[in-house]
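Chain nomenclature is as follows: A, B, C and D, assigned in order of appearance, with residue numbering initiated at 1 for each chain independently.
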Amino acid sequence: MSAIDPAFTALPIPSPAASSRSIARRILGRAARSTEFRIGLALFAILLLAAAVYPELSGIDPTKMDVRARLLPPLFMGDKWSWAHPLGTDQIGRDMLVRSVVGLRYSFLIGVASVAVTLLIGCVLGAVAGYFGGRVDTLAMRVTDAQLSIPMIILAIAVLGVSRPTIPAIILVLGLSNWPVYARVMRSVVMAERGREYVRAAQVSGATHARIILTLLIPLLAPPILLTSILDVARMMIFESTLGFLGLGVQPPTPTFGNIIADGRKYLLNAWWIATMPGVFLCLTLTSINLIGAAFERARNTIYGGV
Amino acid sequence: MADMIDRRRILLGGAAVAGAGFVQINPDFLISSAYAQSGKEMVFLSAENITGNWDPTAHTTLSQKNIEGYVMGFLTRTPMKLEDPGAVVYELATDIKLLDPHRLQIKLRNDIVFHDGKPFKAEDVKATFEYGSKPDRPAQWYPGPSETLTIEMPDDYTVIVDTSKGGYPAHLFIFLASFLPIMSAKDVAGGPGGPLTQRLNGTGPFKFVEQRGNATILAAFDGYFRGKPAIPGISFNFVGDSTTRMLSLMNGQASIVERLEPEQVETVKGNPKLTTNEVVSVENKYLWFRCSKPPFNDPRVRLAACHAIDRSLILDLLGSAGHASANYVSPVKFGYVDLKNYPAFDPDKCQAMLAEAGFPKGAGLPPLEYITSVGFYPKTKEYGEVITSMLNDQGFKVSLTVLEPAAWNEQLYHRPGGGPGHMVDCGWSTGSPEPDLILRTHFHSSSHRICGVEDAEIDASLDKERNAATLEERKTILQTETMPLLASKVPALSLFTSVMIHAMQKDLTGLYIYPDGSIDASKPA
Amino acid sequence: MAAAVLSVRNLSVDLALAGRERPILKDISFDMRPREIVGVVGASGSGKTVLSKAVVNWIEAPLAIRGGEVRFRDRDILAMAPGEMRRLRRDVAYVGANPMGALDPTLPVGRQIVEKIRAVAPEIGGAEAARRVVELLEAVRIPSAKARFHDYPSQFSGGMMQRALIVDAMVSNPTLLVADNVTQPLDVTVAAQVIRLMRELTERFETAVLFVSSSLPVAREAASRILVIDDGRLVEEQPTEALIASPRHPYTRELVSQVPAIWREAPAVPRGSNAERSAVVSLNDVSQTYRVRKRGAFAGASELRAVRRVTFDVFKGDSFAVVGESGCGKSTLMRLLSRLERPAGGEVLCEGQDISKLSGAGLLAFRRKLQLVLQDPFDSLPPRTAIGRMLEIPLRVHGWRDAGRIREKVRAVMNDVGLPDALYEELPTGLSAGQRQRVNVARAMVLDPEILLMDETLSALDQTEQFKLLALFEKLQREHSLTYIFISHDLAMVRKACNRIAVMYLGEVVELADNDRLFFDPGHPYTKALLSAMPTLEERRYRPEDCLLEGEPPSPIDLPTGCSFRSRCPQAFDRCVRENPLLTARGRTDLSSCHLVSSPSAIAAERASRSTGT
Amino acid sequence: MLGAPNGRDGVRSPMFVLSFLIRRLAQGAVIIFLVSLLIFTLLRVVPGDPVRLMAGGMAPEALIEEIATKMGLRDPIVVQFGRYMGKVVQGDLGQSFVRPANGAATGGASFNDATRGERAEVLDLILETLPMTLQLAATALAIALVFSTALGVAAGLNPGGWIDKLAFYVSSVFISLPNFWLGIVLALLLSVKLGWLPAIGYAGYSYTILPAIVLAVELSPVLIRTLSSAVAAQMGQSYVAIGHVRGLTLPRIVLNHALRNASVPLLNVLGVQFSSLLGGVIIVEYIFDYPGLGLLTINAVLQRDFPLIQGIAIVTSAIFVLINILVDLAATSIDPRLEY
């Protein structure tokens, strides 16, 4: 790596004061200093808090319907709005705010869990393929191709048809149908890394392949992949609504963004807020996580990059 | 699917003499001349797909019946208006007369030609009746198989239907005449798999041109006996999604769309270019109990469930898509009456019934599954959720399963040992005033259609009303015995009567729409 | 005296990081005349690379010009508009130290050079440009230049790529060429070729060359005048020979003194008779073969014979060296020795045990015994792991559990190799190459091994750091009675540090000898070629004109018949085509495989010597 | 150092392409075979007897069994699969359970109808609708690529700059838009309110644009993200910095080199995205009543038309496999270092 400019490599050793803290804490500290991180965190905290306590605190049951007060618009819109329902009500008179935040809970659960499944399968398979190469690689990549070529909808019909469309089944379907992306990315980065000398050093120190993959490569390569997977959390939450659209979504009365959007779609012309609110919450959640993630990434790069 | 018209010989047996009350009005089948003058073809967006087999006796599909409504001729039409459900309007027939309980004489017009040029004669009616009543025809809505029928043709324009071999009353053909499309004897001679399946050939105002993907193309028929329609053609399209249909109407691509959501009615009303047509339909929506398995094999549990449901809330939810009714048939059907003992929302009675059945406050009841569909009828999922929560409020343990139509359809019907789940949502629509198309189909022990109820008392009452000698007598039995009996045993709960809502471009105002959804667009030029 | 083509006046460059500024170059002034080759020498971090970039107006954030001028033909290029500067690129060319990253990997080399010509000299037509490129590729002795024109950068070896980049720089007939550490990544024989080439080109194109190098001997080979830079300052400037003979500045004196002496003095390497000591590592007829998929074939695979029938012993307390150039198989040998791979044939014994048969606890015990120190100071440390943790990992692998004891041990080892405690929680990011190599050594030492395998451990370091690390190695060997196996291409270092040396070429050991014998009486022409190419400050013992090699080694997939060295051997004759010479004893302990070695007794001699030894 | 052997034959020779294609197509055939088996099995374990659907819900059990036996649906799955694949290799994907030859979406007909018209060939149905979907997909891809390239490259050239931030927020918003929501809103806005574009059905190319925009919005976030990071990564490569010193202009470096290199990860992402594009196509075609493969699929699914679902699944997986092979081929011909 002789391209690295000696001017940069010869930085003075950081003062002992800085180095007394562990790297993770330094990254956290640096990230926490950025405005974006604070905005993101504040937003995320508000959403999290709302999702955690608002339904219980307000005492409003997300499944409690009031047919006579249905399709009330959000605050200050039209002339039927009421303080009791700040974001209006849905087609059977349930409070949109409480449904949105409870929906956020379930959708976030679905999004995060299915991305976790995706990451688990994708990263492990990709890492194994990239690390060992050769036949293992060919086999793993063709399995990936095969998975890629099965349309998600077929998988969804099959799996969700066999079991009732419960949340775990939906997580499984979404997770199973999206891992190839990560397998490919992971494979290519692991392939680049496995030739590096520190991997060899670890082998010579006696570390097993599993140990190298798990303790050296995954911690190194996972964070950027995690960051990119944030978009996928949102995508999964949207995919869940596609399943709802096909009648394969989470069954009522459990509110998820997916079924709120899918059901509210019919009312888009008259009651735009039903299908739109989850989208707004989704966008806010995504943006807040993205802001935090981006601040972390920058902090990581600063600490690791030394510049 | 929705339009499950009975295929069995429901009106079989029992002679009776009936004198039908014919109304000699010809509803003014108007459409605005503004639209007609524009010379545009009418684009109709249907919510339901068709079968692809053009033989009218091969299917029971409502959308295809609607197409037949444009293309085919009928002996009579039944406007089925709320104020007079039994009204009949002559079309191909000029007179229908019961000669004796087993002989019905039908006089025909003599100025009609089929679209392929063949003149319409008595042989066509004979061929239609004889072919349609064959036991292998899938859409079995004749009272008996062909061998029980004798059809005489005293002259080219008179038909006498003789049911004496079958032993059932001939008056059953009066209501049937209004929804049996008359086919050409030449086509019928081609037999199953012949020209009948390939295309439609009728005497209606529009002739069939071709099927182009999901669009059925019809063109105005020059030789229509009331004169060539002003609209040059109709394009009948299947578009599954209601929002899509609405958007299409709003941007002017569609002329008329069906099955509006009530909220969409608001939208249309706010749009100066559009108008709506609402008509109380022949279709009631039911909550079917699986009567052959616990706990709903106990009428008290069924009744408890019925008392737990506040139907006024469901109607609120449906808005203009629902019409309050308190009977097992639609108010536009023969024999309808608001039943005094129809179960109303009453938590106390519900609890009392539950306690009586041995499930005080629902304790001891198994978890129940309520199956409904989404995407076909308006608001099934919404009111399904409401009903689920109302039942749960009274101590039932109900979970709602929402299925897309194909899966729901597969789960719908009774099977030996009872069908899937414990309650199913489904509507029943028959394009005829005949009430037995519902009552007997569903509640007679021999049928087991959905609820699978077997009850000797109900059977006896159903037989009694069918065998009544006259329509008046039959009406009385229906209204005072059969229907109240059903309301006390509730093998199902009729929730409300659907309102068929169409929206159209304003220049189509006045188009006549029948309660089964078929449309008269035949205004002469 | 001709007018200066380049005048640098009072040039100062800072490193401007958020909040803190640090001068990199301080007040540098010098001149260059046409056709002159000026060497710039300094330690890594002295600022010489920044100087080379400043001369071509390539100073990017966080670097910033703080003052001074770079006058090229009397115009200050630092003040030029970007468009004007771009036109000037025709006359001011640059070649860097990292040839492999310098071109777009997805386009053929020739096309990219043509693109450059057309960018700086639009008047030259495409066909004409292509013709010129091929001509120049031939001039820098790239074999079958016409075909190579269409090859991609990844198909070029490092040496070829560096030559292609020189073509890229010279193709527009520049007046000034800045060559920043161009020979650093190259093998000695190839580096010598490149320097010779550069000298020829200055003659042919009248180009002045600013030759930046971290190695004084290399700069001596190339330049007629040398500037010495220390900590951003120009401390001395003298004609080359005068500078070496009589350095004036203390730093220059230190630099000259640190250059290993090859011929002048006998190095203090560990020595002892084999009879007294036991072999800790023995290779018996070891071969390694790889299967590589043939491109363009359906399912075919070729055999790449990376190591061929290698046999030698390493004795306890030895500093054993394996030398050879890129592709000679020494890295494969390293992998076999460290049991990263199992040999395809033969056996590798460690204290009598065949290591390829080890597994589980036995393997872990072997790993504790033999540790590896890697070549690349940047690549060999996981970039995002703190140094302390990096050193803890091997301990944990070997079953250490007590966090306190682990920490203690790591600190002790860090002290041993001269790393301050403060680095424990630090990332390797800010460390110099020398410090990184210390971390590398520490990582190996933390397991208290008996044998250290040094894979090119010093080759990425500048002279001063090499000097310090060699001292450290000596200390460690003394204190821990270590056995070293160095794998290196640097004969000067080997001369200084090792007692026994194996020379490899194309997977075979072509010569195996004790230090003095190898340097003063090499038995194989390849050894001689290596020695002749070795940059040094002393008078040469072997004249490059007689021994220097042309071209590159053949591919290990299609080995030539007979002697594999014959395609480059200046003394090759008929017999070399027919038969591959055996390793032949020259005296008691030394062997060489060349038909010109007189003794007929074959490999048995080595076997015999071993049996007496053990 | 052990380098890859230097092929002297010019890396992307026709020979290489041919061998690559033959090798990958052979693997692809195996993949399609396995995927077909999987799909075939999955569709047979789904509850819901297709025969009950075909025969109509009211059909008696005996009739259902009779039909099932006659159609071989009670044979072991392997036997059924063997029979099916035997026909598939002859280009016969079977006949739709419910669709007539004239192609209309149908429902409600009963199976035991001797007079039913000719059933539609699955292959014909697919071949009829596939070009429509390909047209839609190509338009969507073109829109997405133009948009994402403009935004992604601008963002990648200036990481941390305002365009980068804009790209970040645009991606966030785009990804939060459910496609059916966006479809309706766009149809309302562009078709109903402004009357710029037709929306529903198909009667000319202009009907493709609106659905294509919706799909493009769905595709863009990932493309923007990939492109901006790939371009940013390429701009940090030494050949870019050295390119300046070699006298190349910035546009030249970006267009000729950085974009060329950045297109490799982009291609990989595209290959993967095609698969999830089908999900979007289904919804969008349904919303816009666009007569393509997506609409065919959703109708087949809603009607449980198993031969059709199966045929579509096999054809689409074959297409995906092909696309991925082509993507890999394109990637290797851009970057000769890649090995697939």
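Following the convention adopted for this analysis, contacts are C-beta pairs under 8 Å (C-beta built on N, C-alpha and C of every residue); 3 or more make two chains touch, one makes a residue touch a chain.
All figures in this text were calculated on a predicted structure; none of them were measured in a lab.
Chemist: Centre-to-centre on C-alpha atoms, which chain is most distant from chain D?
Modeler: C
Chemist: Kindly work out which chain lies most centrally, taking the average of its C-alpha atoms as its position.
Modeler: Chain nearest the centroid of all protein C-alpha atoms: D.
Chemist: More C-beta pairs touching across which pair, A-B or B-D?
Modeler: Answer by contact count: B-D.
Chemist: Report, in whole Å, the distance between the mean C-alpha point of chain A and the mean C-alpha point of chain B.
Modeler: About 49 Å, centre to centre.
Chemist: Can you work out the whole-Å distance between the CA centroids of chain B and chain C?
Modeler: Each chain's C-alpha centroid was found; their separation is 90 Å.
Chemist: Go ahead and note the Å separation of the Cα centroids belonging to chain B and chain D.
Modeler: Averaging C-alpha atoms per chain gives centres 41 Å apart.
Chemist: Whole-Å distance, chain C centre to chain D centre, using C-alpha means?
Modeler: Once rounded, the distance between the two centres reads 50 Å.
Chemist: What are the residue numbers in chain C that touch two or more other chains?
Modeler: In chain C, residues 96, 98, 101 touch at least two other chains, as defined above.
Chemist: Which parts of chain A, given as residue numbers and ranges, touch two or more other chains?
Modeler: Answer for chain A, listing residues that touch two or more other chains: 3, 161, 246, 265, 268-269.
Chemist: Listing for chain B: what residues touch at least two other chains?
Modeler: 243, 375, 404, 407, in rising order.
Chemist: Would you please name all pairs of chains that touch?
Modeler: A-B, A-C, A-D, B-D, C-D
Chemist: Spell out the residues on chain D that touch chain B in their complex, using ranges where they run on.
Modeler: 48-49, 52-53, 57-58, 61, 98-110, 112-117, 184, 187-188, 191-192, 195, 198-201, 286-289, 291, 298-299, 301-304
Chemist: Where on chain B is chain D touching in the complex?
Modeler: Spelled out, the residues of chain B in touch with chain D are 1, 3-4, 7, 48-55, 58-61, 64, 136, 138, 192-194, 196-198, 211, 213-214, 216, 237-241, 243-244, 247-248, 250-251, 253-254, 375, 404-407, 409-413, 415-416, 449.
Chemist: What does chain A use to touch chain B in their complex?
Modeler: Against chain B, chain A makes touches at 63, 65, 67-68, 70-71, 91-92, 161, 164, 246-248, 251-253, 263, 265-271.
Chemist: Quick one: in the complex, what on chain A touches chain C?
Modeler: 1-14, 16, 19-23, 196-198, 200-207, 211, 215-216, 219-220, 300, 303-307
Chemist: Under the touch definition given earlier, write down the residues of chain C that touch chain A in their complex.
Modeler: Those residues of chain C that touch chain A are 15, 17, 24, 44-47, 49-50, 62-63, 96-98, 101, 181, 184-185, 335, 338, 340, 363-364, 367-368, 370-372, 374-386, 393-394, 397-398, 420, 422-427, 429-433, 440, 443, 447, 460.
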